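Pasting a structure below so you can have a look.
Should a chain be cited, it is by its letter among A, B, C, D, E, F, G and H, assigned in written order, with residues numbered from 1 in that chain.
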Amino acid sequence: MIGQESRFDFDRRRRIGMVEAIWGENKTSQQIAGILRELEKCNEIGLVTRVLPDKAKELITSFPCAEFHNKSRCLTIGTPPDPIPELGKVCVLSGGTSDITVASEAELALRLHGIQTEVIVDLGVAGLHRLFQNLERIKTAKVVIACAGMEGALPTVLSGLIPQPVIGVPVSIGYGVSLGGRTALEGMLGSCAPGLVVVNIDNGYGAAMAALRIMQQ
Amino acid sequence: MIGQESRFDFDRRRRIGMVEAIWGENKTSQQIAGILRELEKCNEIGLVTRVLPDKAKELITSFPCAEFHNKSRCLTIGTPPDPIPELGKVCVLSGGTSDITVASEAELALRLHGIQTEVIVDLGVAGLHRLFQNLERIKTAKVVIACAGMEGALPTVLSGLIPQPVIGVPVSIGYGVSLGGRTALEGMLGSCAPGLVVVNIDNGYGAAMAALRIMQQ
Amino acid sequence: MIGQESRFDFDRRRRIGMVEAIWGENKTSQQIAGILRELEKCNEIGLVTRVLPDKAKELITSFPCAEFHNKSRCLTIGTPPDPIPELGKVCVLSGGTSDITVASEAELALRLHGIQTEVIVDLGVAGLHRLFQNLERIKTAKVVIACAGMEGALPTVLSGLIPQPVIGVPVSIGYGVSLGGRTALEGMLGSCAPGLVVVNIDNGYGAAMAALRIMQQ
Amino acid sequence: MIGQESRFDFDRRRRIGMVEAIWGENKTSQQIAGILRELEKCNEIGLVTRVLPDKAKELITSFPCAEFHNKSRCLTIGTPPDPIPELGKVCVLSGGTSDITVASEAELALRLHGIQTEVIVDLGVAGLHRLFQNLERIKTAKVVIACAGMEGALPTVLSGLIPQPVIGVPVSIGYGVSLGGRTALEGMLGSCAPGLVVVNIDNGYGAAMAALRIMQQ
Amino acid sequence: MIGQESRFDFDRRRRIGMVEAIWGENKTSQQIAGILRELEKCNEIGLVTRVLPDKAKELITSFPCAEFHNKSRCLTIGTPPDPIPELGKVCVLSGGTSDITVASEAELALRLHGIQTEVIVDLGVAGLHRLFQNLERIKTAKVVIACAGMEGALPTVLSGLIPQPVIGVPVSIGYGVSLGGRTALEGMLGSCAPGLVVVNIDNGYGAAMAALRIMQQ
Amino acid sequence: MIGQESRFDFDRRRRIGMVEAIWGENKTSQQIAGILRELEKCNEIGLVTRVLPDKAKELITSFPCAEFHNKSRCLTIGTPPDPIPELGKVCVLSGGTSDITVASEAELALRLHGIQTEVIVDLGVAGLHRLFQNLERIKTAKVVIACAGMEGALPTVLSGLIPQPVIGVPVSIGYGVSLGGRTALEGMLGSCAPGLVVVNIDNGYGAAMAALRIMQQ
Amino acid sequence: MIGQESRFDFDRRRRIGMVEAIWGENKTSQQIAGILRELEKCNEIGLVTRVLPDKAKELITSFPCAEFHNKSRCLTIGTPPDPIPELGKVCVLSGGTSDITVASEAELALRLHGIQTEVIVDLGVAGLHRLFQNLERIKTAKVVIACAGMEGALPTVLSGLIPQPVIGVPVSIGYGVSLGGRTALEGMLGSCAPGLVVVNIDNGYGAAMAALRIMQQ
Amino acid sequence: MIGQESRFDFDRRRRIGMVEAIWGENKTSQQIAGILRELEKCNEIGLVTRVLPDKAKELITSFPCAEFHNKSRCLTIGTPPDPIPELGKVCVLSGGTSDITVASEAELALRLHGIQTEVIVDLGVAGLHRLFQNLERIKTAKVVIACAGMEGALPTVLSGLIPQPVIGVPVSIGYGVSLGGRTALEGMLGSCAPGLVVVNIDNGYGAAMAALRIMQQ
């Protein structure tokens, strides 16, 4: 098999400003270990998303310098830069307790790039008072990431209240018609609120990288 | 062909308390005329929904006692009963200007059964202030019908704010993922607000009959 | 992380008349335990839906005052009010033996709010005689909740026979095209019976809260 | 282009016992005329389904021996055999006025093969009394074809009441979730009634040919 | 809970000529045991479909008179009638080795009603010679049940070759677009072969009952 | 009907920085004229999207100060502010000639808010050389809007090449599986390129408002 | 607007061996005329697909050297090369009369590249004898393109009978579940016949270019 | 049960040039063992796809001459022919590490038929430089198989760069909208690149057989 050796895209950081990220879900421990070894060798920061605790435990044993983040199901290697407060912060919101994994993935991915973050949870639209209590705090962010499952109305309501970029992250929480996150996704895309943008279901990492692109402007 | 003569269900009014309603969309003028003739003969009130203006004009010529309601695209025959204020009223809300046909169909169907109604329009969730301005008025209703297209979040937000029965009517207004009303429908069904009930897309008449069932308790 | 402390919406009971309900399916035992602890502290009634027996057993050990309801897969905490017979009762129907979990969830949620209920099972439309045998009893209810999987025709047939509000609950029982409850859901939404309202698939709790909203009028 | 000359399958009648049938919808008048000419030459009976009145009028002018059946939107050529009463009859039922085109297509296709038919209309499940009034008559048929749009529950209810073969024909009548007949189709397929068989949406002709296969046993 | 005692529809056999059948998939061993006990008490024949081997083993221990049929994943109780050869036979065909469970369910259900059957396997349309080798034998049946997964073309090809009733059973065998049997189902419904009828995916029992209805004419 | 008078959200400009925009597709000329009259009265800038040429011509006659933009099918009223070059520019790309309407809608909406834009067309991924020829020019933008129909791969390829925020706009151009823009939409959402955000199908206006939110940071 | 001048990809012919092809469906006459003018200027061969007769007539008037091919709804400009018989031929098959437009598009596109073709029509799988009559002739081709609507089984059956490359083209002919060609597409993709490849629905041009790629090896 | 003995299609190799292939996923170890025994007896080469390691280990014990290929999850029996270099080679590309199983299945299936192959991995379109580095090598192949999950854009980009036949294999790698491979499949089918052909999701074997058909011309 050809080209294994040059598989990494170490030029990516220079080209689009992002550290190496590996989608851990469909990879074996061996495949992930191989990647971590290369990153370690090159002294690169790396993020592995969607790692189940058991797989993580196994990997941590071989890579003591790696760290597992249980809340976000992510594994990191390397030392992230210190946050630069004057760049401003990204607010990561979640509609319910069950959306926290996705929100935490977004938050961790941003911190790994030196971006300051603030997470606010349990902001479902069936209890608007919680959203209004936190609105002023949310308005201090430069970009807002709003995670929501079920009908996914949080980013729509929010986009009507603040002028900042709002990135909606549909979450695969729900049952019946909401199962798998499609309803939340389409609710955000079909939203009557102007200028709301969306990423794939559960894609906390993608939302973070979109926020990073904006913060870097 | 058998049984044409007994086609009507004049017992329906006694059985479930509703006047005869005819879905006009897939019927020819001749078919509708035949039905109106029978109703006229029996001195019955009748409602024909989804009648295009041209078809209506043609029918009105033959049935001077029929009335066409342009806003709701409905045709009625017979004299509706006077509203009974002490029964309470039904509030019919619409998210945007384009939902008015559906909201009007609901309103007309209720009036035809002697139920008092109030219509409030342009209550989109991307501008929550309009909803809050009207909230006290909405709270005076016994049942609320909330029509919304696009992402359909209005009934969800509303159900978190008031204790009344809320009937969501998804409207086939929108484009892209919202085209045809599926997104609004599933947003309402997958809603995080407890006790929100839903009818078929654009089914203003159905929402009205559901409200009628509740009012009659 | 901000705002954890104010996560509960204890004002909800006053605002929309419902006790705290927690969707247990995507929460860990720890997360549920945290919530129960708060409810216990405040002497509040609480309902946790969709709890698997193993998780329930674990929680019961730490919360001896909590009760697990095996038939409905629900956990409750706190003492429900005595039912008030003069408010009338809600009839909860199920199409087949496999729909009982959903019907029981609806029934329990209503009892927790002091509403009298009656459950009647095995009323599939392929054997109409069973429905007719129970029709008079059903007619004594103020609201009817009808749970059905497969083709979901029970609420349609029922709505043509009685004048009460009928809330259809599609159930995710079936295989092939019926798998997941979509067919039952769309059959109820597309129903030719006027005034039938629908909630999300398997949403017994939601149907109960809709009935509660109606009973409270 | 090769093989135009041998396009017809005149052997079909001998092989599977059916006269030539042409699906008229996506064919031009010229294409249909060419086919009719061949049938005329060979003295064969032929059925063209889904012909709009204007196209039919144009074709009738050139083929005076052809006949247009407005109710079923079909065109026939050739003389059908006399019905043979001792073979028994097929009952064709329709749920509503709007299903009549499909029911009539089934009825005409059967008559063209010498099968006796009886059509009974307006048997919607939201008014079961009509079905019960006609049940004895329906039971005299050897095969029953039941056409229904909306939620399509008629064949399900019927299959629980009679022992005959029941062929369900979903009809593309309805709006919202019912639009296009999918809901009726899946309701029939997912039915809890044992032994109900189904054909494609609006496929009256196909149901007739299925009945013919059964009658010929 | 009301009406448990009268749950069974023992009148069904008289009404539509079918023995009691229980869909075992979503029922617990206890629920199935309860049903078997009733059947045993009344000396009735019964069929439980979709029983996994482990559940079956458990039940067989308590019901020594019950029999588990591993190939069809069915459990039966009671003695089936002797087949009556002069009624004719039903041919059950399967497209591939993986369709055998469904074909066997159909075959067992027919035998339980005294119908003679013949099963022929591995008749995929990608190797037509196998079908042609068995065609004469197939033509001796009164009804043909054709099970097929993947693209599901077997019943279509067959319906063009024989005049008998053909009942297509789509099977949930396949991957990618074929996963779950939708492609096979829609291929059969959309078939260009006239008079092909279809039942739900994997519904061997339903196909058998449809064949029974035909055989009883 | 209540609240007609206060329908406009003139506070929106102050709250989220956007001028009034009206979705023209499902509104009658009268409805649009009513809105334009109000805007004219208040000296407000307004944008009406999705106006067919005939409707536009009719409106222009009554509102000589309004302007119709044929390429984007938009109507504007009021004088847009001069662009402020130091704010930077937004690059609007289109995959093919048929995507131009959507790209032009985005471009016009931005110009109306004083944002400088540059449009580059015919950048399909089946001819990558065109994209590479324009890459340096694209890199001078602060935000890039990439419109694409068919398989919608342009924003994915682009996001791997530049560090700027990229907003993908799926376009309803295509046939077969691409019909309606779903394939382009899901291709962008499921993209392997990190940080790509997406708006609804054909939503050029929404992409522009998202870009505006970013530019205003 | 930038880059209009360099829009054409005249290098394409050298790079991948195909003449310029324009998808005519969503382009105005003016847009197509602009393209034809450029092709004419450069003496290039060009193919415009999906042109309605009226649009074609209008264009032919301005471009007398262009030719409209009514059967395939295509417009060509420039002189195609003479076919080179020794390269072998491509056989284009169609399942029914209604598939001819798609088959003709494939045939024309191949002829424009100097490839010899043979078209054989009306080869539906419900009448296999027609296919067997033509099998020897089909086997003389180097590549076979098989167009089919409805259930789309033709390419599957064919792939089991011949060793040549078979390219399936699903056609949007059919109704009910077959409407739009999805069923034919998925039937071909899910086929049990090994090595069958598929293009988009109605994509006769794409199938031709796939055949061309093979012929050029 | 009839015809078990003649189940194999040993004539297939002569008819369409392919060795026996068994889809292992839905077969039990016993069923696969039965097939291997027959192949062994006849000295035939055989390929079993989609075999999980545990099932493979079990089978290898009984068939020491069989070989399990872990990377492709395939089991083979018999000695493949030596590759014939002058026939040319097939290049098998994969978009990411997670697509390797599918790519390896294609590669193994080709080698089993004596076709020379070359596999190149990690060619995602979000890092085009890797594709360009390998382009010259890819151009030396006679046929290219391109496997890709997520948005599946690799075969589209590639088809615009090379004149060879390109067979796209969508891979069921991804999450959210990409889950199950639908998005990749439709992206390839809806592609703007002319002449790209597609097989079912994850169908590496099918792509190999399509390539074989081409190589044998």
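One rule holds in what follows: a residue touches a chain if its C-beta (ideal position, glycine included) is under 8 Å from a C-beta of that chain, and two chains touch if they have at least 3 such contacts.
In this text, all values refer to a predicted model and were calculated from it rather than measured experimentally.
Note on connectivity: the fewest chain-to-chain touch steps from chain E to chain H number 1. Mostly differing positions are employed by chain D and chain G in their mutual contact, as under half of the interface residue numbers are shared between these two copies.
Taking each chain's centre as the average of its CA atoms, chain C and chain F sit 45 Å apart. Averaged Cα coordinates give chain B a centre that lies 35 Å from the centre of chain D. Put simply, the C-alpha centre of chain D and that of chain E have 27 angstrom between them.
Shared interface positions of chain E, i.e. residues touching 2 or more other chains, are given as 127, 159-161, 176-178, 185, 189-191, 194, 200-201.
By the document's touch criterion, interfaces exist between A-B, A-C, A-F, A-H, B-C, B-D, B-F, C-D, C-E, D-E, D-G, E-G, E-H, F-G, F-H, G-H. The touching residues of chain B, counted against chain D in their complex, run 1-4, 6-7, 9, 11-12, 23, 25-27, 31, 50, 170, 172, 180-181, 185, 200-203.
Of all residues in chain F, only 15-18, 21, 88, 142-143, 159-167, 185, 189-191, 194-200, 205-206, 208-214, 216-217 touch chain A in the complex they form. Chain C meets chain D in the complex at residues 95-96, 124-128, 150-153, 156-157, 159-161, 174, 176-178, 182-184, 186-194.
Residues of chain E that touch chain H in their complex: 97-98, 118-122, 127, 129-130, 133-134, 137, 173, 175-179.
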